[in-house]
Amino acid sequence: MSEKYTTIHYHNYLELDALLSLQKERSKALGEAAHDETLFIIMHQVCELWFKQILTELDSVILLFREERVREDNMHTVLLRLRRINSIIDLLIEQVKVMETMTPLDFLDFRDYLFPASGFQSWQFRMIETTLGLREEDRLTYHGKSYKIVFTEEQKAHLTDIERSGSLFDLVARWLERTPFLRFRGFDFLSAYKEAVERMIARDQQHIRDSELSPKMKEMRLRVLGDTTTYFRHVLDREEHERMVAAGEARLSYDATIAALLINLYRDQPILNIPFQLLTELMVIDEGLTTWRYRHAQMVMRMIGNKIGTGGSSGHDYLARTAEQHKIFRDLHNISSLLIPRSALPDLPEELARGLGFHFRGK
Amino acid sequence: MSEKYTTIHYHNYLELDALLSLQKERSKALGEAAHDETLFIIMHQVCELWFKQILTELDSVILLFREERVREDNMHTVLLRLRRINSIIDLLIEQVKVMETMTPLDFLDFRDYLFPASGFQSWQFRMIETTLGLREEDRLTYHGKSYKIVFTEEQKAHLTDIERSGSLFDLVARWLERTPFLRFRGFDFLSAYKEAVERMIARDQQHIRDSELSPKMKEMRLRVLGDTTTYFRHVLDREEHERMVAAGEARLSYDATIAALLINLYRDQPILNIPFQLLTELMVIDEGLTTWRYRHAQMVMRMIGNKIGTGGSSGHDYLARTAEQHKIFRDLHNISSLLIPRSALPDLPEELARGLGFHFRGK
Amino acid sequence: MSEKYTTIHYHNYLELDALLSLQKERSKALGEAAHDETLFIIMHQVCELWFKQILTELDSVILLFREERVREDNMHTVLLRLRRINSIIDLLIEQVKVMETMTPLDFLDFRDYLFPASGFQSWQFRMIETTLGLREEDRLTYHGKSYKIVFTEEQKAHLTDIERSGSLFDLVARWLERTPFLRFRGFDFLSAYKEAVERMIARDQQHIRDSELSPKMKEMRLRVLGDTTTYFRHVLDREEHERMVAAGEARLSYDATIAALLINLYRDQPILNIPFQLLTELMVIDEGLTTWRYRHAQMVMRMIGNKIGTGGSSGHDYLARTAEQHKIFRDLHNISSLLIPRSALPDLPEELARGLGFHFRGK
Amino acid sequence: MSEKYTTIHYHNYLELDALLSLQKERSKALGEAAHDETLFIIMHQVCELWFKQILTELDSVILLFREERVREDNMHTVLLRLRRINSIIDLLIEQVKVMETMTPLDFLDFRDYLFPASGFQSWQFRMIETTLGLREEDRLTYHGKSYKIVFTEEQKAHLTDIERSGSLFDLVARWLERTPFLRFRGFDFLSAYKEAVERMIARDQQHIRDSELSPKMKEMRLRVLGDTTTYFRHVLDREEHERMVAAGEARLSYDATIAALLINLYRDQPILNIPFQLLTELMVIDEGLTTWRYRHAQMVMRMIGNKIGTGGSSGHDYLARTAEQHKIFRDLHNISSLLIPRSALPDLPEELARGLGFHFRGK
């Protein structure tokens, strides 16, 4: 007998009786009911429901990524789930507009009852950041204290567990390091690429010298080009990169960085299509969370101006600063500065190119 | 002693322990856990939370509107709350994109467990429609039965109560009928307007005859103009209007219609600024709900194609048809066809114009 | 000498002097300047610029698809370009909100000057529809005449060329028909799938009979299941399908349909990742254009109510009907109704499964 | 004879032949055509068309505001036009997503041809900022030079004209200063408000002392309250405010600030409805432009990483900094920190309250 064939009503399936009784306005309980408190509660409950969904997706992605050799036929599922996360973040950004229909004066009607509650105390949001790869040392301190101080022991322990068990950043980094194409039967991608860069720069120098630009403009463009040369030499150098990692200026290892570079350059090879899309979605997550924090900062500014927030923080500044600082996949964005035009790219050895496509061996 | 000064944590304020335990996946309980069921549940729970917020706003607006003479200093609050509803509806429309990250194949992993649950069973959504003014007779029947059959006796009774106690449509209609400017000290708006319409049409006829258009084009334009004349005579006639109302072709009474026309034409008079904005927001609500239903219909089409929905309905068609038919403030949209250009408008008598502005009598 | 190294100013690069002089308000030229006419012109010019971009992408995609054997390493580019088209359509939908900031009364200030100009006369939009695959016979007639009557001979000829040279629909259909996996070394996908469907239905029947459902509910569910059985037999039958195509109920050939079904079911196989994403984007294009037409219809309704449009059409109804009828990739949406849960899917023969992955043969 | 009755075709009205020939790809002209350059051009042309529309609205608003006594019956028009500007800015923000469909590698295919063109050279955007009220001294310098250096003499002169002729900020400030309600027949708003603030704080102190909070928490809350007291005394003091203005910490005069405060507090009085909405839209413009700059900064980061932009700038950092610094109506946001809850507000004298409503004197 299968219980699959029992029936269920929408109302019960969604637990609506319970769900719709969880909006407990403190203004109503402790003083005079403030009309807009319901909105305030529902807004935040909706955020937390979406946070739960984001965590559900992230946890599943981490599970798929944690296998020693990420299964090829899971990559697409990973991609779809990251894309779903971005779709949810887009919605959270839009949602700020709903919050902005609450005026500062209406907020004042119940603001005092909330002390010291604050979005800073959202455990799920911290879990999202930590699961993605934001480390304690990357975070802005908050009045000089750990962001964890507002949580229970159990919640703290859970956050620490996530920190220890390997974030999505770590898993992606290791997966990149395993990319098998960097050195292949005499084709050394890195050497070929460095040569291509030198060739491109030499050609550009010649073009500038031969051009009809004014001497002053020639000088300026040559100087820019010189900077580019230095930049490439600098960045493509393993030791220099390791120094940057040690100094906290980069986080992704040298090998992972070069692998990400290769994926960006040869993304049209079938085997690299999905990896490229996946790296893109990770950057979009970073961008989306950044925009969300920034919009949040604006909303706080509009709501309370310069005064301190319900959690005792100077909300706008703190949030605006996290927007810039709490980026996780910054290194992927920086890959852009290492790219050279396709016309200057070294061709892949034919054997390698064939290896990157599909080979339906049945035939 | 004031309880205002107790403290509260974000986590407890939002009842997060309870909230985040209400996602009870039936696939997990009755068979094999389907990854996407959590999304499905959260999506719908978020919708219901927003529905609760919309109802909260609508109920408050109805309360403000129900007073015998709507207080002038409440009108702005009404406007802000209607605008908030529209902001929420915009978000619900965006949210369809999140649902669309679920593929039909993933939905199949748990779809059978949901039988016969369906969005058709959302009590709150029916309350929203009914509160706005959708009557039982305006609704598409559903396999020939009342939309109420899926609800409990208590829920049905509540819907009937709303139907009887006066919808927002009814309250707005009565408020329009009370507009005091239609006949004022010898200025009869309606007569003046009818004359202006006739004058405008006569002038346009002359212009067409005098123009360099080809005879065929002249004839065509004169015919169009003739239709317009008939249309205006038809619509501005009280008896004809009452016939339309009796036949279900219009719903707003003649007086309310003319008042809405006046508000649209003279919206720049300070006293009419807010009424004009208010009528606009009502139309936007209609448009928003229509778009939402339509996007919902598309999503159902993508998810299950032509097959019947979980509630036994052919989901896409039903939803697409409700999109067109379940409009409530259609009559307000039709006001547009009664407008004439400002250049042809009768001037207001000076005394009336002054009466429509602010008079700071202190001076 | 390379001209690459000349310099260019943003203002000249974008031809801003010319671009910003193309807003020629007719109200200003022929009568009294109407403030909102500039908005009206710019709105439509922006639409046409985006239409040009959509056509640019579509033409490039068609070129890539037209090769006898679509090159594997072009598929990703095709995908990115279709996705860009969808990103533009999303923006066009948002743009309707800007248009809606124009009130009907403001439109009246210049509406008469536009006669009989209308969006119906947008040549580029017709090219987009035709390039995607909308045929003359699929279109709503417009007062019984071809949609082409409003164009010049040259424009008509161009549209006819597109119709003849093979639309994106046709190219995708042929590409699907070439899918090589339908019959492979004794694995006959279609037979295996039909058996799986029968097995699933038999099992479901048994579960319903064994369940604790009421006799009435059992009967109902068995009836639904019976319909499903009939449906599958019906649709998976080649002759029946060919009858549907002949009758205009389906457009995609039987082989193309089955290939699309296979791609949906086994989308996680690496070789099918991109094809699956591609089919998804085509459905999204259809959905997006439908939503855009529908929003457009709403905007026309708000602007002019029930009266006839500037082009002499009853704008709202025409647009609302094109929204439903001018869908092109409808058959792809209907694939959803042919899917069965993954748990009931036939396993691929191991050899085939391996053939669908990447084989880096260098090792 | 009226030329109104000539006919016009959509294609000619919109100057489509000219418009669609203005996309002059430099990659095609000077080297190998890069597919994505068309997108790049169209994106920016669309931006510039919207900028023209924003300027059209701003100029009309400024004209309406420049009259000695702003006409009451123009205020609503001003509001609708500011709202339209915000609707356009929302669209420009969405448009960044379309640009992000261009990958860095695709940009490289034509990036070198654009040197040194850059969005920094958009004259219209500078006009928008200047018209709103951004002064030369408020701007980030750019390599130590005026933002005007990239423009022609004529363009520079035009920008200087705008700076001199009075920005929207200036006009709004003067309009606020003229608000007639601050001192009225013995009702001195400011004194009454200061008293209300003191009363509220005294009551809150008492509540805290009487509460069951822990001594430590009491002390903390009393300290916060003390800060609030200091803050209010500080800000409501004319001399202190004038010092802030002199020091560049505030821009709005003391009288204008107090008027904006009054409008926020008593916004429900009919005469203040529209002024309140107007101040809100000005803040939304600031927020919107800020978000747009910030999204732009993110896009530049994704496109070129840390390297210098086509204009020789380190694009991301410059743009991210302008986002924070180029706010114009910051002072309006800060009003929020001066508000007190409605329950603590001084009642208006009855005579004043009546004066703020509509008085239909005809009766």
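Couple of notes before you dig in:
For reference, chains read A, B, C and D in written order, and residue numbers begin at 1 within each chain.
The definition used in the following text is that contacts are C-beta pairs under 8 Å (C-beta built on N, C-alpha and C of every residue); 3 or more make two chains touch, one makes a residue touch a chain.
Labels paired with UniProt names: A, B, C, D = Tryptophan 2,3-dioxygenase.
Predicted, not measured: the structure shown is a model, and the values here were computed from it.
When the partners of subunit B are compared with those of subunit C, the chains appearing in both lists are A, D. Set against the C-alpha centre of subunit B, every other chain centre is closer than that of A.
Superposing the C-alpha atoms of subunit A onto those of subunit B requires a rotation of 180 degrees, given to the nearest 5. Taken over every residue number at the interface, the positions common to subunit A and subunit C amount to over half, indicating a same-residue contact.
Centroids of subunit A and subunit B (each the mean of its C-alpha atoms) stand 39 Å apart. Measuring from the averaged C-alpha position of subunit B to that of subunit D gives a distance of 31 Å. For this pair, subunit A with subunit D, the centres built from the Cα atoms lie 29 Å apart. Looking at subunit C, residues 2, 4-7, 103, 112, 115, 221, 267 sit in touch with two or more other chains. Within the complex formed with subunit B, the subunit D residues making contact are 1-7, 72-77, 79, 180, 184-185, 207-208, 210-213, 217, 221, 267-271, 273-274, 276, 351-352, 354-363. Subunit C contributes residues 2-11, 13-16, 18-20, 22-24, 26, 29-31, 35, 38-39, 41-42, 44-46, 48-50, 52-53, 56, 60, 80, 83-84, 87-88, 90-91, 94-95, 97-98, 101, 103, 112-124, 150 to its touches with subunit D in the complex.
By the touch criterion stated above, subunit C contacts subunit B in their complex at residues 32, 103-105, 108-109, 112, 115, 204, 220-221, 224, 227-228, 231, 264-265, 267, 280, 283, 287, 290-291, 294-295, 298, 301-308, 312, 320, 324, 333-343.
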